[in-house]
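Letters A, B, C and D name the chains as they come in the text, with residue numbers starting at 1 for each one.
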Amino acid sequence: MIRYIIRRLLWMIPVALGVAVIVFTLMTFCPSDAAEIILGSNATEEDKEILRDSMGLNDPFFVRLGDFLTDTFIRFDFGKSWVTKADIKTSILERMPRTFVLTVSTLAISVLVGIPLGIIAAINQGKLGDNMCMAFALAGISIPNFWLALLLVILFSVKLKLLPPMGIGGLEYYILPAIAGCTNGIASLARQTRSSMLEVIRSDYITTARAKGVKEFDVITKHALKNALIPIITVVGTHFGRLLGGMMIIETIFSIPGMGTLIITAVNTRDLPVVQVGSIILAIVFSFCMLIVDLLYAAVDPRIKAQYESMGKRRVKHG
Amino acid sequence: MAELEKNAGHFLEVKDLTVEYFTKEKVVHAVNSVSFSLEKGKTLGLVGETGAGKTSIAKSILRILPDVGARIVGGEVLLDGVDLIALPEKEMRGIRGNKISMIFQDPMTALNPVQRVGDQIAEVIALHNEGKKDEFKRRAQEMLELVGIPRERYSEYPHQFSGGMKQRVIIAIALACNPALLLADEPTTALDVTIQAQVLRLIGQLRDKLGTSMILITHDMGVVATYCDNVAVVYAGGIVESGTREQIFDHPSHPYTVGLFGAIPNMNEDEEWLHPIDGLPPDPSNLPKGCAFRPRCKYATERCGEGPIEMAETPDGHQCRCCNLEAVIKGEKAK
Amino acid sequence: MNRKLRAILAMLLVCGMLLGTLAACSGPDDQPDTPTTPSNPDTPGSDGQEPAGSKIIEKLDVGSTTLWETLTPFRNTSAQFSTFVRHIYDRLAVRTVTGEYVPQAAKSWEVADDGVTYHIALYENITDSQGNHITADDIVWIIEENMSRGLKPCFNKVDHVEKTGDYTFDIVMKQNIVDMLPMVLYSTYVFSRAAFEASPDEFATSLVSTSPYEVTDFVAGSHITFTLRDDYWQSEDLIDPALANNVKVLTYHYITEASQQQIGLETGTINAMGSMSATSVQNFEGNDDYVMVNGPSSNGIQLFFSGADSKVVANDVNLRLAICYALDIDGIIAAAYSGYAEPMHDVVPRTNVGYLPKWDNEEYFSYNVDLAKEYLAKSNYNNEELTLLALTSANRLAQMIQSYLGAIGIQLKLNVCDAAQWSSSQTDGNNYDLVLAPIGNGLVNLWSNRFDSNAYANGDATSRKDQTLTDMLYSTWTNEGFTEENIDAVHKYIMDNCYGYGVVLPLVTAVYDAKLNITHAVITDSGDVDMAASIYG
Amino acid sequence: MAEKKSRGKGSGNSEFKTILKQLSYNKLAMLGAIIFVLELLLVLLAPVISPYNYEEMDTTAIRQTSSAEHLFGTDDLGRDILSRVLYAGRYSITMGIFSTLLAAALGMVIGSIAGYFGGWVDNVIMRFLDIIQSLPGLLLSIVLSAVLGPGYINTILALSVNGIPGQARLLRAEMLKVRGNEYIEASQSINCTKLRVIASHMIPNSISPMIVQATMGVANMIIMASSLSFIGLGVQPPAPEWGAMLSYSREFIRSSPHMAIFPGLAIALTVLSLNLMGDGLRDALDPKLRR
């Protein structure tokens, strides 16, 4: 098992390298002039020329790519943002925790609400409970979350004056953003839980459990749910990826200075170093979470754990 | 749990048990007023084609019919005089796995794939007994050894066991609480022949050792011959013939039973062709009036189609639901 | 299994949410009917009359749309003119709303007779929050460091700096251009060199500066909190009223989302919101819990015509005139800016140094459809599709221009793009026929950027090569040549040839809580309200 | 009961008919289909039925709530919201469909190559997909649309990139499952060329899950398009697009909420109907659930 984990951790380096190269190449096609961004539109042409030379922007592509990769991966010097001159490493270290707290709390709400909804829907299939849960799930998917975010702010902050409308501070600042962000998660989790629970409830070992005299509640939570977890965990994993992206919107609305707002402002102002390093960090965090998801598979299903141990060499794909 | 007082009646008595499955379009009459009884320590064989309702009978005794669409419409199941159908769910749970337990047909899917084998045995012990966890674990390990599995494999998972080994674990689970009645639903059908004999011998030994009475569901006459004291032949949701093993094997009197025996190739004669019963079992959602076997019966008469057929006594004293008994017995002798 | 019920329930939920929007967010009481030009409760700027002493406010939260990601002094020009910058660093001199420069750390500066050397004298008693004493050595080093890092274009115009005394030094400029040296003074942040070199991250997060305020809490991208120091080096009476500090604890919150700006004010998260967008401001019209103060922005919105020969509009003055007369400025102000803008009378806004007040009462392309059609007929335009390059922030204006030109028969395609994309394509006339640009901060600055034929590779900012105009510019923007008739001559030349057209000067509006009871709101050079310097009753 | 599978070549259209029959059983899917078709009709007839030209400005009637002349009211430049919503449907729905189709096509090509050839080819492609998928959802689209610039076609390209890994992975999984079946070896034994094997046997059998994912994908793309325009990328004004209208009107949510409601409702209904159809299709195409 440990060998598998080490292999997966080692694998993250080429992924990060791959992301770095892809984003770097993509951004070089960006129709924008770094000197223009830094010096502003009032600078004359020769001012910009001096700056371009000093930053080595006129070197050929591969030289710049080489510099960038050695800086980032060997010297871990992420350099400074072109626009704000802030050291990228400090701003990321400061912002990553906030995005992480927001994403994890949104994911937690999605799991804590989505899965029970799915189970309730599966248990009384066809009856009212099922229709109510699934109606909520369908509604959750169809509403764009930035629109819902504004509704929530108006309702809870302006009208009821219960929660702060924006900014960062104690935990209460994260409640509204998390709720706004999780409707999509609740919806997809509830639907997935329902369909995989329905499949599991019909299988033989559930009848065996009932024949043993196990309480219906335990049959559902212990026996059925544990077996239905694999596809549910897959949805949680893929949803975590979408969340990291979706949080950008929620962060902008609630003016939470997280990775999302950092990257959006960087993209809008073509602040390439920030976009590149930000993408790499997000990609690493994302693949790290995917590793955790795969480990969850092994924890839940011994057959998969056995495959990991015996395989060791080739990664088992779940998707 | 109320102490079951011994009364003069049978250990287990099933009276007019009727079970129906509901779907939006149609109603399936799986079991139609089945009655039989079982003495303490004895084994009853339920024999019949697949889809005849044998499994539904067993599941309704244990009341684990899938609640979506299945319902016990009528009848009683008396265990030591207590009607299980009327019992509240909480008390019925006390009986399941403790007083009555069940072995299932397909061992490959009957065990929870993500739970350790030993834990699945310990779970049923813990449910019905007081005491500490490791005491349950010790008893579960004893059960494992009882069914011939080394104690060390307690913490392995079902996917590490072969079909036969899994069935042994299921047997261990079923007998862990030393139940009074064991329902075995075609325990060896899914296994290959060599393993079948071993598993059946194991069930037989444990049954004799623990004195458990058993209902053995099968479509294999050989199994009935070696392991069952009494036999009941089930056809289209009803019992068409019942009696002791000797009575049924020596004097099969219901045309369907006769047909069943005819379908078994005889070892000491080189028969050219087997004699399958022609036609197919009736559709359980619209059963023909009168005797369900009439369309496929050689001895069918007008009377068979008129109304419900009563159980009749055969010359050697066992029950048979046929109104044209003499003709069948005469026809049988002529052969 | 009645699953149809599920779909109907889902739709009910969605519609319920929508009706919730209608009910939940009816704006603060009244609905704006036709936007009226906003009344301004107080004459802006410190125009001489001595305001009475102000009450000191304990705590104030102000919303802002400009972001300082880090507090390092050596930075580029982004957000260099935002209001809170003066709380972070003192500067040698500060520009006020009238455009003239007021001394702060520099006591005085005068030009020598060669027109390029400036003698600058510092105050002798400048100390920073750690007590370090600031001398000419620090300032000379700071200016040289700025020049070498090449982050602010104004420092590229400095030839060299030399210390002449403990508190005096000379700055020698490369060219004799008016308004260039004051820009250098305005862009030089004052701090102690020793403290800077001792700081682990060049003051990025832990700042030691001479400003009257200390940064007590700074979260990049969220907020910055200033607390008034009691040991500020400058004596009370020498502080210019525009730089007064009447608030003890002042927090600037970074809020970009327009609706959140309104919500912040309503929930009291912020007591004031600087430079609020025109569309959000009108929700507070006629609501006497809030006071609205507007000042002209330092940047107007101008329309420039491409001078590249490949473009039909380059050498067809009639077509350019037709376009200018076809725009209904009042309609644009009413719709696109909800009334919070002013018409312009030259390519440069009236708040800029060099603007002649007499232009205000001259006729400047007033809306006249028939005249526009007349010029169009005279021009040799036959239905080619012209392209207008514009920033996303000006997309409402662009769409209105498109429909007005459509009305007189000119086909216009919009190329609306974000700041970075716009800035990389706006300096080459071949990329567009017309370009909408927000240009300002100084007549000279605008001329040198837009009309100097030697500024870019293929001519001026729109790739036009007009040597006569360039010569006129060179002679006018020197200290001696900066006379009224020279400036007027350039104004007339540009108007007659219709190279550029000042479309509209947006008003920057600040909204604050009426309970603050501000008797005199101080407006900064960028049109925002300086809450610290304002007088509280 | 053994379930007869009519998979033969000849019965291609009857296969389609059975799917339609199955779909008709599922009233929910029919409801979704009806809503979606209705929307398509309304949107296609936009030039005919919309009361005003979507660019026509009436500076006297700015931000009016719904009234007789303007059913959905007017926006901040005095344009009729009803006509803009109808015209915007063309952009949004076609953008959702085209980007999903593009993603499906590219995904199919990549997936089938990886699925069929296996070995190092499969490994390389899978690792490449890992890298693409490790970039959080929106980020790749944002970077791409920043590179390509705003506009309708560029947004489609930017959006489709996100769909490719999902489709490719799905098709590869199907291919691996199908590759094991005998009839693939059978067709190889009568030496069909590799391409023919892929085209004629593998892809048709893997189509059904792709269709299901595609219907859900269109809904997803429309929502992502609105997120892109929220950030200021994606389709630029004056071209009307639901996402752009929605994010553009959030500034007025306090004073004139009606500007935000109708585009939001349009997106919600489209996504809802597509999801219903997706569910229905999944049940219809799943042989196990056939009635």
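Assume contacts are C-beta pairs under 8 Å (C-beta built on N, C-alpha and C of every residue); 3 or more make two chains touch, one makes a residue touch a chain.
Bear in mind that the values here come from a model prediction, so they are computed numbers and not experimental data.
Asks: Hey, which chain is the most central one here, using CA centres?
Replies: Here the chain at the core of the arrangement is A.
Asks: Farthest chain from chain B, going by the mean of C-alpha atoms per chain?
Replies: C
Asks: Go through A-C and A-D and name the pair with more C-beta contacts between its chains.
Replies: When the contacts at A-C and A-D are counted, A-C has more.
Asks: So what's the Cα centroid distance for chain A and chain C, whole Å?
Replies: The mean C-alpha positions of chain A and chain C differ by 37 Å.
Asks: Compute the distance, rounded to whole Å, between the mean C-alpha positions of chain A and chain D.
Replies: From the centre of chain A to the centre of chain D is 22 Å.
Asks: Could you state the distance in Å from the CA-based centre of chain C to that of chain D?
Replies: Distance between chain centres, rounded to whole Å: 43 Å.
Asks: Could you work out how far the Cα centre of chain B sits from that of chain C, in whole Å?
Replies: Result: the chain centres lie 89 Å from each other.
Asks: Give the residues of chain C that touch two or more other chains, as numbers and ranges in rising order.
Replies: Residues 1, 3, 6-7, 10, 14, 21, 25, 257, 259, 263, 418, 421.
Asks: Give me the residue numbers in chain B that touch at least two other chains, ranges are fine.
Replies: If we look for residues of chain B contacting two or more partner chains, we find none.
Asks: Two-or-more-chain contact residues of chain D, please, as numbers and ranges.
Replies: In chain D, 149, 232-233, 250, 253-254, 260, 264, 268-269, 272, 276 touch at least two other chains.
Asks: Looking at the whole structure, which two-chain pairs count as touching?
Replies: The set of touching chain pairs is A-B, A-C, A-D, C-D.
Asks: Mind pulling up the chain A residues that touch chain C in the complex?
Replies: 30-33, 36-45, 47, 50-51, 54, 81, 83-87, 90-91, 94-95, 125-126, 130-132, 134-136, 138-139, 142-143, 148, 150-151, 153-155, 157-159, 161, 164-168, 252-257, 261-262, 265, 268-270
Asks: Once bound in the complex, which stretches of chain B touch chain A?
Replies: Checking each residue of chain B against chain A gives 59, 62, 64, 66, 68, 93-98, 101-102, 104, 106, 109-115, 123-124, 127-128, 157, 159, 170, 173.
Asks: Okay, in this complex, where on chain A does chain B touch?
Replies: 125, 202-205, 207-215, 223, 226-227, 300-303, 306
Asks: Note which residues of chain A are touching chain D in the complex, please.
Replies: My answer: residues 14-15, 18-19, 22-23, 26-27, 29-31, 138-139, 141-144, 146-147, 150, 154, 241-246, 248-249, 252, 263-264, 267-268, 270, 275, 279, 282-283, 286-287, 290, 317, 319.
Asks: Quick one: in the complex, what on chain D touches chain A?
Replies: Listed in rising order, the residues of chain D that touch chain A are 126-128, 130-139, 142-144, 146-147, 149, 169-170, 173, 219, 223, 226-227, 230-233, 243, 246-247, 250, 253-254, 260, 264, 267-269, 271-272, 275-276.
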